[in-house]
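Two complexes are shown next, each including subunit A; its partner changes from subunit B in the first to subunit C in the second.
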Partner chain A sequence: MPPRAKEAIIDCDIHQRFKSHKELYPYLSKAWQKDIDEFGLRLTTTGSGGFLNGGTGGFREDSYPADGTMAGSDLPLMREQLLDYYDIEYGILTGQDCSPVSTLPNADYANAIASAYNDWMIEHWIEPEPRLKGLALIALQNPNQAAKELERVLDHPGIVGALTQAGARFPYGQRFYDPIYEVLNDRGMPFVVHTGGEGSGWNGNPTPVGYPSYYIEARQSRAMSYQAHITSLIFEGAFDRFPNIQWVFIEGGYIWLPTFLWRLDSDWKGLRDQTPWVTRPPSEYVFERVRFTTQPMEQGEGPKSLLQIFEWGRAEKTLMFATDYPHWDFDSPEQALPRMPEELRRRIMSENAREVFKLPVRTTEALAAD
Partner chain B sequence: MPPRAKEAIIDCDIHQRFKSHKELYPYLSKAWQKDIDEFGLRLTTTGSGGFLNGGTGGFREDSYPADGTMAGSDLPLMREQLLDYYDIEYGILTGQDCSPVSTLPNADYANAIASAYNDWMIEHWIEPEPRLKGLALIALQNPNQAAKELERVLDHPGIVGALTQAGARFPYGQRFYDPIYEVLNDRGMPFVVHTGGEGSGWNGNPTPVGYPSYYIEARQSRAMSYQAHITSLIFEGAFDRFPNIQWVFIEGGYIWLPTFLWRLDSDWKGLRDQTPWVTRPPSEYVFERVRFTTQPMEQGEGPKSLLQIFEWGRAEKTLMFATDYPHWDFDSPEQALPRMPEELRRRIMSENAREVFKLPVRTTEALAAD
Partner chain C sequence: MEQATTERASTRTREKHFVALLRDLPPGSRKIVSIQGRSIGVFNIDGQFYALKNSCPHQGAPLCAGRIKGTRVATKPFEYVYARENEIIKCPWHGWEFEISTGRSIFNPHRVRVQTYDVTVEAQEEPDPSIEMYPVTVEEGVVMVHV
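Take a look at the complex of A and B:
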């Protein structure tokens, strides 16, 4: 028997996969099916170039289904290992194999894949399992096309935001992306960014000084992409232009946040005449409008250091729990977080995510009756 | 009368400039002189693309000489405003106009400019003013050529290390750079990196997600370049391969260091089998072998936060004072640092730099007699 959760848990990063890319075919034109038969999907699995991930092919060894298919491709196994085992109230699906659509050169193909992924996710995951909520994948090559895709799927009650990867040609505050933000702002839905795609396809290098050699270096650079996106959102005035959007940054770490914001606040004092539409210290915008996830849970120096960082980062508002199931560096809800005050833990484990994704409280009993 | 310093001050970042680029001509071949007459130096002043800096053209308004020439080009004025005024024991020259040599496409031209800069610096600045010490500028396009230039100039007693910019095509741990490090390692001299060149010339974008719009964003990205270089030095094993080199990173901030190292230490625990030559936690290498400068001095949240960061960052070993004279965001030796224990202040104001650059203690009287 799985343990019963003593607390509400909302898991903000669950990777679901197909057993074969042909699961997408019912949602693709015959022409695209023919191209994929000939060339494959042309999407790298990890979305971050040639780096060698950890674990077993990047995943928990026990997460591969008995039929030999891909880790994360089996809903019953996901229920057994995650949803039932930890009594997860809600899980946010972040996909895997289609996520790098925005690294592709062909905007129409990228949009077709994103669209097929969204339909597949609705039919294979969200509708069969009401604990799972989806994010609508968008291809960023053509923001007008992405906006149309969002309009097509955001009315589904199981879709709770838009999804893209961290890797990008332009930082996310730039006006290039406005058509996407207009749709989300009208509906008050979040823009969710997951690590991946940095240095892949038409994106630039994963660091400002070129391509590193090792996966651990690429992992470190995740924070850089997020810092660049957030800096852009601030100084392009995106928070004021789109007051109803929350931006969520998954799996790029959290403990860098306070000193990053201190640096921005310091510089803003000396340079604010160059961006006069930024009328408040940068940190204020971020505390209100940007959210982060826990996994991979970082460690500090000594027992109190992480709690000090959480205080400086306003973790009671800005941090949300995630497991990253079924990846090798999965974080258990029971063991991931350091000891902390009960109310802070409650905010991180469930309530911050509940607010961002607008998820009603559901009792264990109500879930069992679904 | 200038105030007398109550403490030893070593300033690790002073920008000296020429009044005209023709000051380089005595050290350049006729052929290069002709090209420069025709095309100009082809080096951007800031080395960071098209961003609009702060202050007056990027400089303190009062630092422009009365003859209308460039800020930082006048040794008597530098003495009056900086060396005498604050009773600076030593100042480390970091140049300005030639610094972006490593952004140029032509390796021979880049090396010729670096070489001319070094000769000009020796004749115009180091030899006339013994408080000033120089760093040998190198062009990174061809590390063998850079190594030869270092061998040519490092014997001069006023040269205390090698200098390059942060912007680069490859991170600085990669074996591409080994010929340079071999020369420095033989002599036990530091490799000094100054902010600049990110996104310029043949370097990639200044952030992993493309080009930002505003100078304040480019300024934020300085830390990213440094983090990528340091991560590379660690995981390529550079610290063990070159045990006699210290790496110095100027003007890219400091307060991001502790959480950056915590992230690396955490990831290393889970991934150390991929880089087994890294036998100790990454933070240990950095505390021993990497140094940073203070300017632009960052602020924290509340009076104790910076001191907490200094403790976590081992500032008593890793942090060195700098003014950045004559830039607009100049930090005064008297006002830059927060209140701190006397010994910690002494390490930051002078002793860490004294060790890295191997500078003997000199009394005020000895300096006056020079």
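Take a look at the complex of A and C:
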């Protein structure tokens, strides 16, 4: 018998996939379809394509549909294993197959794929399932095109922010990205980064010292990528230039945050005059404007150690729950997090995400109307 | 966790529960049964029978639905040796590996383990009413788990 969660759960990282890339064709012009027929999508699903992954092909072994298609490609199975099983109030879709669009050499093709993905997500996932909300994928090659794509799709009520990968050509605070931020700032919507893409295509190396050999090493570069993006946002003044945006960093860890911010706050005291527009300790900007997701949650040295980090990281504001379904390192809503005070758990399991993504409480009346 | 050995030694105080007819659990197959509210996986690995609690000690995933496999055994740097085929079960969620015969994890056999149960194959004394449609001979045997 499935457990029934008594609490509201908003899952900030669900990977939905297509069964065939031809599901994108209704949203792509014939010109792009011809190239794909000839050469494929030219997207690697794991970011840095040569690394292994975990689990069964990167997924929970039990998440493959009975018809042999890809894990994450079947809405009824997603309902059974995740949305119904854990009584998820909302799930935020982060896709997978098209996520590396920003690594493609051709900016126009990249934008066309991002656009097709967004339409496919709306039609195949968001509209059939009101619990699912989507993030609009953007291709970063040409921020003006990305801004137009956001203007095209952000009005859909099921779209709750913009999505890109962690791997990048430049850190995300740089003015190159301003056209994207202007659209999001006007609408007060979040810029969401999901780990992946480091070292792919023209993106920078997965680590500052080059390419590692093994998947477990590549996973640890997530924190490095996120630290680089966050320092860029702080010292390029992005938080003041775009006061209505929150930045969300998915699946790159959380436990490093407090010590990273201590270092920044210490350095800032003596280096402040090099970036004089940063008028407050860096940690203050981050606590107000940056959010992180839980999965994959560390076990630490017992629950007390994690709760101490949650306190230092202001988890009551900054941390949001995620399962990463159907990936192999899925976190169970019931068992992944340590025991904690009820109010803190409520903030992490639902309320921080509800604020960032502006999600109304799904009341009994609303559920009956679905 | 540490009491598992003691519990295994005292199986004579446990009750036997029917799992399957021997012919219905051939080598390479498994059956997940529910006994007194506990989900238990019973395995026939090359003719040897084993039973494990169907719950990973990490996050409670259905461990016994995982892949039965070998593993890359501990080696010197840059040597890759795949061995122990069919001795290991890998959790279907996070990939934690356990030795099927002992329930001990590969990464920390002394501290992380899953409950095991004894399995016996016995001559069937009386026909089971639930299978009366099928004539059963004594020598076919039944697989019993001790819980």
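One rule holds in what follows: the second predicted complex is superposed on the first by the 361 of 370 C-alpha atoms of A that agree within 3 Å, B and C clash if a C-alpha of one lies under 4 Å from a C-alpha of the other, contacts with A are read in each partner's own complex, and residues count from 1 in each chain.
To be clear about the criterion, contacts are C-beta pairs under 8 Å (C-beta built on N, C-alpha and C of every residue); 3 or more make two chains touch, one makes a residue touch a chain.
Predicted model, so just to flag it, every value in this text is computed and none were measured.
**Student:** Since both structures carry subunit A, what do subunit B and subunit C do when superposed there: clash or fit?
**Tutor:** After superposition on subunit A, subunit B vs subunit C: fit, no clash.
**Student:** Between subunit B and subunit C, whom does A:N106 touch in the aligned arrangement: first, second, both, or neither?
**Tutor:** In the superposition, A:N106 touches no partner, neither subunit B nor subunit C.
**Student:** Here's one for you: vertex at subunit A, rays to subunit B and subunit C, all C-alpha centres; what's the angle to the nearest 10 degrees?
**Tutor:** It works out to roughly 90 degrees.
**Student:** Return first, second, both or neither, reflecting whether A:T56 touches subunit B, subunit C, both chains, or no partner chain.
**Tutor:** Second partner only, subunit C.
**Student:** So, A:D329: does it touch subunit B (first), subunit C (second), both, or neither?
**Tutor:** In the superposed model, A:D329 contacts both subunit B and subunit C.
**Student:** What is the contact status of A:N244 with respect to subunit B (first) and subunit C (second): first, second, both, or neither?
**Tutor:** The answer is neither, since A:N244 touches no partner chain.
**Student:** Which partner does A:S29 reach: the first (subunit B), the second (subunit C), both, or neither?
**Tutor:** A:S29 contacts neither subunit B nor subunit C.
**Student:** By residue count, which of the two partners contacts subunit A more extensively, subunit B or subunit C?
**Tutor:** B
**Student:** Applying the document's definition of touch, where does A:E217 land relative to subunit B and subunit C: first, second, both, or neither?
**Tutor:** First partner only, subunit B.
**Student:** In whole Å, how close do subunit B and subunit C get at the C-alpha level once superposed?
**Tutor:** 5
**Student:** Once the two structures are fitted together, what part of subunit A is touched by subunit B and by subunit C alike?
**Tutor:** Residues common to the subunit A contacts of subunit C and of subunit B are 54, 329, listed in rising order.
**Student:** Residue numbers of subunit B touching subunit A in their complex, please.
**Tutor:** Going through subunit B, the ones touching subunit A are 52, 54, 166-172, 174, 198-199, 203-217, 219-221, 223-225, 227-229, 231-232, 235-236, 253, 255-256, 258-260, 262-268, 270-271, 274-275, 296, 298-301, 305, 308-309, 312, 329.
**Student:** Applying the document's contact rule, which stretches of subunit A touch subunit C when the two form their complex?
**Tutor:** Per the stated touch rule, the residues are 54-56, 60-62, 328-332, 334-336.
**Student:** Across the complex, what residues on subunit C touch subunit A?
**Tutor:** That would be residues 58-62, 65-67, 92-95 of subunit C.
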